[in-house]
Structure formats: C-alpha cells, structure tokens
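Read through the structures below before going on.
Below are two complexes that have chain A in common, paired first with chain B and then with chain C.
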Partner chain A sequence: MHPTKSGRWITQTVSSTYLTEAVAIWLRDLRSEFRTRYAVNSILMFALTTLVAVSFSIGSFRIEESERPFLYAVLLWIILVFSALSGLSRSFVKEQEAGTMDILKLSARPQAVFLGKLFFNLTMLGALELIIVPAFILLMEYKIRFPGCFAAMMVTGGIGLGAGTTLVAAMIAQADARGALFSALSFPLLLPLIITAIKGSERAAYGISAAGWPEVKIAAAYAVIMITVSLLLFPLIWEE
Partner chain B sequence: MCTLKVTGIGKYFSETILFKDISFALNSGDVVAITGWNGSGKSTMLRILAGLVRPSAGLVEMFCDNKSIPKKSRRQYVGMVAPALSLYDELTAIENMEFFCRVRGIAYDRKSCFNILERVDLVKHAEKICRTFSSGMKQRLKLVQALIHNPPFLLLDEPGCNLDSRGIKSVKNIISDQRTCGITVIASNEKREVDYADSIINLSN
Partner chain C sequence: MIFKILLTIWMSVTIFAAFLCIEPAAGFPGEVSRILFFHVPTAWVATLAFFLSMIASCVYLITRKVNADFLAQSSAELGFLFCFLATVTGSIFAKSTWGSFWNWDPRQTSIVMLLMIYGAYFVLRSAVPDHEKRRVFAGVYSILAFCTVPFLVFIVPRITSSLHPEDTLNPAGSGMDTKTLILFLSSLFAYTGLFVWMLRLKVRMLKIMDKEQGVKFKV
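So, the complex of A and B:
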C-alpha cells in the first residue's frame, strides 16, 4: 500500500480465497479471545465445575463395573456438550453486540465467515477435550479397551458438535430471545450426534471387537453433512 | 468508469413507509449528499446501497467498466463509514488494519500500514488497543478501513462526526480524491459535508 498525495493509497491485491479469508477471521477471533478470555473462561469453568461435581458425587466406586462404560460415556458427553454450548453460542452474538457484524459483512464472504467461526469453535472444543477427557479418565478411572476408537469418536464427535453449534450460533445472532432459541434449536440438531457419540464411546470402552467404528463413521458423516449444509445455508442467514 | 443506478427503491417497516420511489444515477466523479430529518432513512439508504439491507421495493445496480457487479461481489467495490459500524475494540489499530488487509485479500505490509496511520495522525497510537481510543480516533481508523481496498463506491454516513479540524480536512481530501476514481454518497445534515456534494437528495420531501 502506498499513500497518494491527497490521502488515498494504492493497494496491491493478492488472491483471496475462502480459506485465506477464513484463516484471517479465525486468527482475529483467537487474538480477541486471548485478550478477553470470554469463551475460554465460560467453557472451562463450566467443564471443571461439572467434572469435579460428578467425580465427587459419583466417583469410581458407586457404579457397578459392568455399567461404567455406558454411564461414563453419558456423563462425559453431557459435560462436553453443555460446556461447549455455554461458550460457543456467543461466536456470532459477540459480533452483533460489538457492532462489528456489518463491517464483517462488508469485508468477507459469508462462507469464509462461517469457516472462520467454525475453525475458532473447533479450536476451543479441541482445547476443551484435551483438558477434560484425560481429567475425566483419571478422576473416574475410566477404562477404555479401544483407545484408538475412543479418540476417533472424540474427534469426529467434536467436529460435529462444533459444526452444529456454529450453525445455531449464526441463526440466533439476530434474534431477541437468544438463550431460549439456542437451546430450542440445538436440541433437535445435536441430539442424533450426542446419542451416536455416547454409543460409540460406550462400545470403545467395552471393547466389543471393532464395534465402535460405525458410530465414528456416523459422527464423521454428520459433521460432513452439517458443514456442507451450513456452507449452503449460511449466506441466507448472514444476509438480511 | 463506474456507475451507480438506483431505481424506485423504497423501505417499509410494517405499515410505516421510511421512503419510497427514490431513483437516481451517479457516475465516476459524482458526489451526492443524502439529507433529511432524523429517522428519514439516510443511514438505511446507505445500508441498502452497500447491500447490508434489502430494499422493500426497487433495484440498486452497480457497474464498473460497463460490467454489472453482482450483489455477492459488491463488498469488494464498496467502502463504508458509519456511526453504527464498529471496529474491533480488543485489537490495536495496526492489528485492525492487518485483519482488514488479510480478509480483503490485500498484500499486508506493516511499514505501509504505519505510513497510512501517519497520514491520519494515528501512528503514535498504532500499537494501542482501540478500546482506549477517543471517538474521533476511532472515526479516523474507520476511514482508513473504508479506503484500504480503494473502493470505487464510497459511502459516508456522517463522516465528520467526532472529528477535529485536521480530521475534517482529511475527509475533504478523501472526497476530493474520490472524484478522480469513483462515486461518493454522503449521508449527513451537516452543512459543511453537504457542501462537498454536487447534488442533494432530500428524503424529507
């Protein structure tokens, strides 16, 4: 960029793709989050509080050994889903509240905005899983017979959860009753994924021969469908 | 050569008519002022031109070099400053510039960005978080953001608001420079800003 005599400048444009725009939005969101720590604090505090509450009240002794894989899978995914919902619902609302929504609409393509926000939410979810899942396994003495399958379930379930919450967060950003709407929309959208993730985690823990993989595939398919549908629908939500 | 063609646009909210049947055409070098009472729809008109709001009736068309600009590409051709448009408060001035360069596909060069900030008297504050800026400093940074991609269509909603005499001079320079490369639409009731324009559209009539 070179300023001209009268105050304007000559800009040198480089090729801009959806991905470069999305990465710019993702990095900007990370930088903002690093300074405000709104989502991180909200997600981590909820996750740690529920994890400690669960481990103190239930622990590893009150449940029969045979029932642990199922009940632990349920508890783990409840912690992950509600922690994610507590922080990630605001990814678009914060743009609306800060008055930056219009400037973002004028600067980036809708699909790039969705991808940037999705990358940010997936980063938050990845960090959440890296902290909460090992802590849950240690505190609850959660024995997993197929760790590879369990890890794959966490990854695909996390991507599906991130895609679902990002779409719902975009849908509620311009609504009045955001909190209620977020819950109402998230429930039917995320329920199939949550059921699948619980089943997959349970089977990976039981160690039923390679039986967890169908759920991993279903969760991966859910994530692909959700991201594809979101990329198609998001411009309609984004533009008034 | 760029053209902005507005045909019969109107904006209605339920049974309230904000404005209706507004038509005009502008070519490169034209500066038009949109005036009117508070609530007459000046800002809404600019938001319609920018593609941020759909008109209830009518059509907005943009052409550059005789080629029609599709609505989805309009953002590349439009620069806008408005009181309702906010920058990222938790970023510094230079980080805001970096973001808008990267997201618009403009080669980011830190030194050049500092040069631009120097021209709007913000170079001393380049590394400061925008939350600490005065409203006038924010307005200057908004002007930089609107011009960073050299838009042929410049939409200025109360461009001089909160600016000191040096800032107002910068706005005057920006508008006169835009005459050589594009179209300017100013929404304001400030006489000084309306005087920059060649023609006036009064939404109160």
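So, the complex of A and C:
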C-alpha cells in the first residue's frame, strides 16, 4: 500500500475516539484488500476447494439420513475453521511485510488497532460464510429444521472465530515461520468453540426444539471473553 | 542434597506401600485401582504446574523480571511432562476398565486440549528469535489459553457424560478408607516434592544458560 494513501486514513486527530480510529483502520484495510484481494482470494479458494473435495467424495446421498445432521455440521465447521486459519493472519502479516507496522503503531492507539483488525477479520469471515454456507447447504442437501437458530449459530460462531484468532495473528506476524504457526497456535484456543458450534448446528438441523439456543449463548460468551482478554493483552504485544 | 535424599526415601516407601500394604479397591478388575497412587498425583502436579506457569507469566508481564519467565517456562515444561504421564497412565486405566485406550471421554478431551495448548506454547517460544519478545508473547499466549480452559472443564462434560471414576475413588468421598487416604495423600506429597525439586533444577539451569549466553555476546 502506498504510504501517502494510507497516511490519510490513519492520521490521528485530537478529537478521535477509539471507535473512529478503529473504523478508520477497518476501512483502510478493506480498501487495501479490494486492491490486492489477497486474503479474500486465498480464504475463498481454500474453502471452495475443500467444499468441492467434500462434496465430490461424499455427495449428497452417501451418508444415512439419521447420521447427516451431525456429520454435516462437522464437515461444515471443519471447512469454515480451516479456511479461516488459512487467511486470517494476513491482517497483521501484511503490515509486517509492507513495513507499515511502525507507522500504524504511531498513528493509532493499540486497542483501536486491535478493534480495526478484528472488524476486518469479521468482514472476511462474514464474506466466507455468506458464500460457503449456502453452497454447502445446496450441494449437500442439508435440511435445516430451525433456520433462525442455525443462522444465529453461524453468526456467533463466526464472531468467536475472529475473536479467538486476531490476537494470535498479531503475535505470529512478529515471529518466524508464520503460516504454519498460525494454525498451530489458534487451533487449541478454538477447540471449545468448534465443539460448541458443531453441537449447535446439529441441534438446529435436527433437534427436537431449538429452545433457549444454549450453544449460541456459549459461543457468544466465548466471543465476549476472548475479545475482552485480547483488548487487555494486545497493548503488551503491540508495543514491544 | 538432604532434600533429595529424603525425597528418594519418601517416594520409595510410598511406591512399595502402594503395592504391598493396600487391598485393591472393590468394583475394579484386578489390581487396576492401584493406579490411583500414580495417576491422580501426576494429574494434580500437571494442573499445579500449569497454574503456576500462568501466574508466573502474569508476574513477568507486570514486573518484567526475567526470573519470573524462567519459572513460567520451567513450570510449563514440567507440567507438560506430568500431563503426558497422566495421559498415559489414564489411558492404561481406560484400557483395562472401559476396554479401549482412547474413547474421547471428556477428561481425555480436556487433557489432550492441555497438551495441545502447551505444545503450541513451546512452538511459539521457539519461533520468536528476540528474547524479550519471546517472553512477552509466551506470557500473553498462556493467559489467553487459560481463558478457554473453563469452557472445556465446565461445558464439554455437560454435552457428553463421563466414565471417569470420581465418586468411587474420590478422596473426599466415603469410598476410601483411612489407610488408602493416608497413602494417597503421601503420594500426592511425594509427587509435589519431586516437582519442586525438578523445578528448582530447571530454573537454575535456565539461569546458567542465560548467563553463558550473555558472556558469549560480550566476547
């Protein structure tokens, strides 16, 4: 990204708040992403390739009707999680590669940087889910009994994914062997979320009632905890 | 030195007593229940070590004293070792009572989760070349990981039921007679002593290595 262009977006003014700074960083990242389309392309291609592989090898009628809700939830979340892990680290790695990290440190407060990057990652995840989830439902004949609960599970699960990985992305951007490290570090943190999301999707597709949406609440709690802890810890790794 | 000798005697006596002085608990096939004196203490030490490591990380992040990080690293490494031992001994117990070494019992899930978190912790440590940065990152990661543990401890067990014997062999429960309880506590004490001894060795080693590296850089 060209420094003068970026400079206009991240300049800190006296009256700027955390939120305006965060939104400025978010918009700047979106703009730079629209120009290169690196993260979005790699995430989507990874997801589509996996989806095609799953659909091709399993098809829509290979799995018994009674087994489908659980197995489909597992397959869907494996596709989503590993696609996300393939590209979400870009948000910080690209700053490191372009050498813009120091300027970003000077221009915005750490929490605002974290929030901006989180918003950007959530945008990426939203785009990923908007394309992959309907495609998965169509290709695999995934019948969902409670669409509202299913949609809420996708949204909270996606937010949890973003919340659990953004701080790790900031760390691995400053480490060696970035690509492999990101998955290795993120996966243990995401495991509780993945288990919950799979259970929730299964319940939405098959359960007797979706009353209370317990898994959605657990995923939301996970997201809130991870975002709060990350906001507290982020300044430590950012100002090193 | 005297600590080492006392510990050796204490551990040997405990191990002998675990095999010779206690009747196998009812309700378990054969001699299986004797694992209580070896499996539970390793699991306890692993928990203690990981908790200590997390606290030491917090202390390091606040005070930036290198010694706190040495403690965090040593404690995490020893915790990993004891966690691995707990996994293996637990797996042997699972084979002889439930019929398979591994069946994703919630207890097994959470212990594997711990192994994965600390595996990732060591990978992170080895991947950051700068010393100062490495310490901060390791501390941050260990706090972040610690925040996900309640989900596995409290939520996963509710989704699936556990076969882990707690009521039958719980030290607080009525299922353990006085003799067993005394030996169990003595075994806990012995393993904790072993952990403390190993921890002190490890911290001393890290300090010496750090000093040597400093000398090398000066020359």
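One rule holds for everything that comes next: the second predicted complex is superposed on the first by the 223 of 240 C-alpha atoms of A that agree within 3 Å, B and C clash if a C-alpha of one lies under 4 Å from a C-alpha of the other, contacts with A are read in each partner's own complex, and residues count from 1 in each chain.
The rule is short, and it goes like this: a residue touches a chain if its C-beta (ideal position, glycine included) is under 8 Å from a C-beta of that chain, and two chains touch if they have at least 3 such contacts.
The structure presented is a predicted model; accordingly, all values stated were derived computationally and were not measured.
**Student:** By residue count, is chain A touched more by chain B or by chain C?
**Tutor:** Counting residues of chain A touched by each partner, the higher count goes to B.
**Student:** Contact-wise, after the overlay, does A:R31 reach chain B, chain C, both or neither (first, second, both, neither)?
**Tutor:** first
**Student:** Based on the superposed arrangement, let me know which partner A:E141 touches: chain B (first), chain C (second), both, or neither?
**Tutor:** It touches nothing on chain B or chain C.
**Student:** Does chain B (first) or chain C (second) touch A:E21, or do both, or does neither?
**Tutor:** first
**Student:** So, does A:L236 touch the first partner chain B, the second partner chain C, both, or neither?
**Tutor:** So A:L236 only meets chain C here.
**Student:** Based on the A-chain superposition described above, do chain B and chain C contact any of the same residues on chain A, and if so which?
**Tutor:** Correct list for chain A: 240.
**Student:** Would you mind writing out the residues of chain B in touch with chain A in their complex?
**Tutor:** Those in contact with chain A are residues 47, 50-54, 72, 75, 78, 80, 82, 84-91, 95, 99-107, 109, 112-113, 115-116, 119, 129, 145, 147-150, 170, 173-174, 176-178, 181.
**Student:** Contact residues on chain A for chain B in the complex?
**Tutor:** Residue positions touching the partner: 1-4, 6-16, 20-21, 23-25, 28, 31-32, 35-36, 98-100, 102-103, 105-109, 112, 235, 239-240.
**Student:** Give the list of chain C residues in touch with chain A in this complex.
**Tutor:** 61, 113, 116-117, 119-120, 123-124, 127-129, 132-133, 136-137, 139-141, 143-145, 147-148, 151-152, 155-156, 159
**Student:** Quick one: in the complex, what on chain A touches chain C?
**Tutor:** The touching residues are 164, 167-168, 171-172, 174-177, 181, 184-185, 187-189, 191-193, 195-196, 199, 218, 222, 225-226, 229-230, 233, 236-237, 240.
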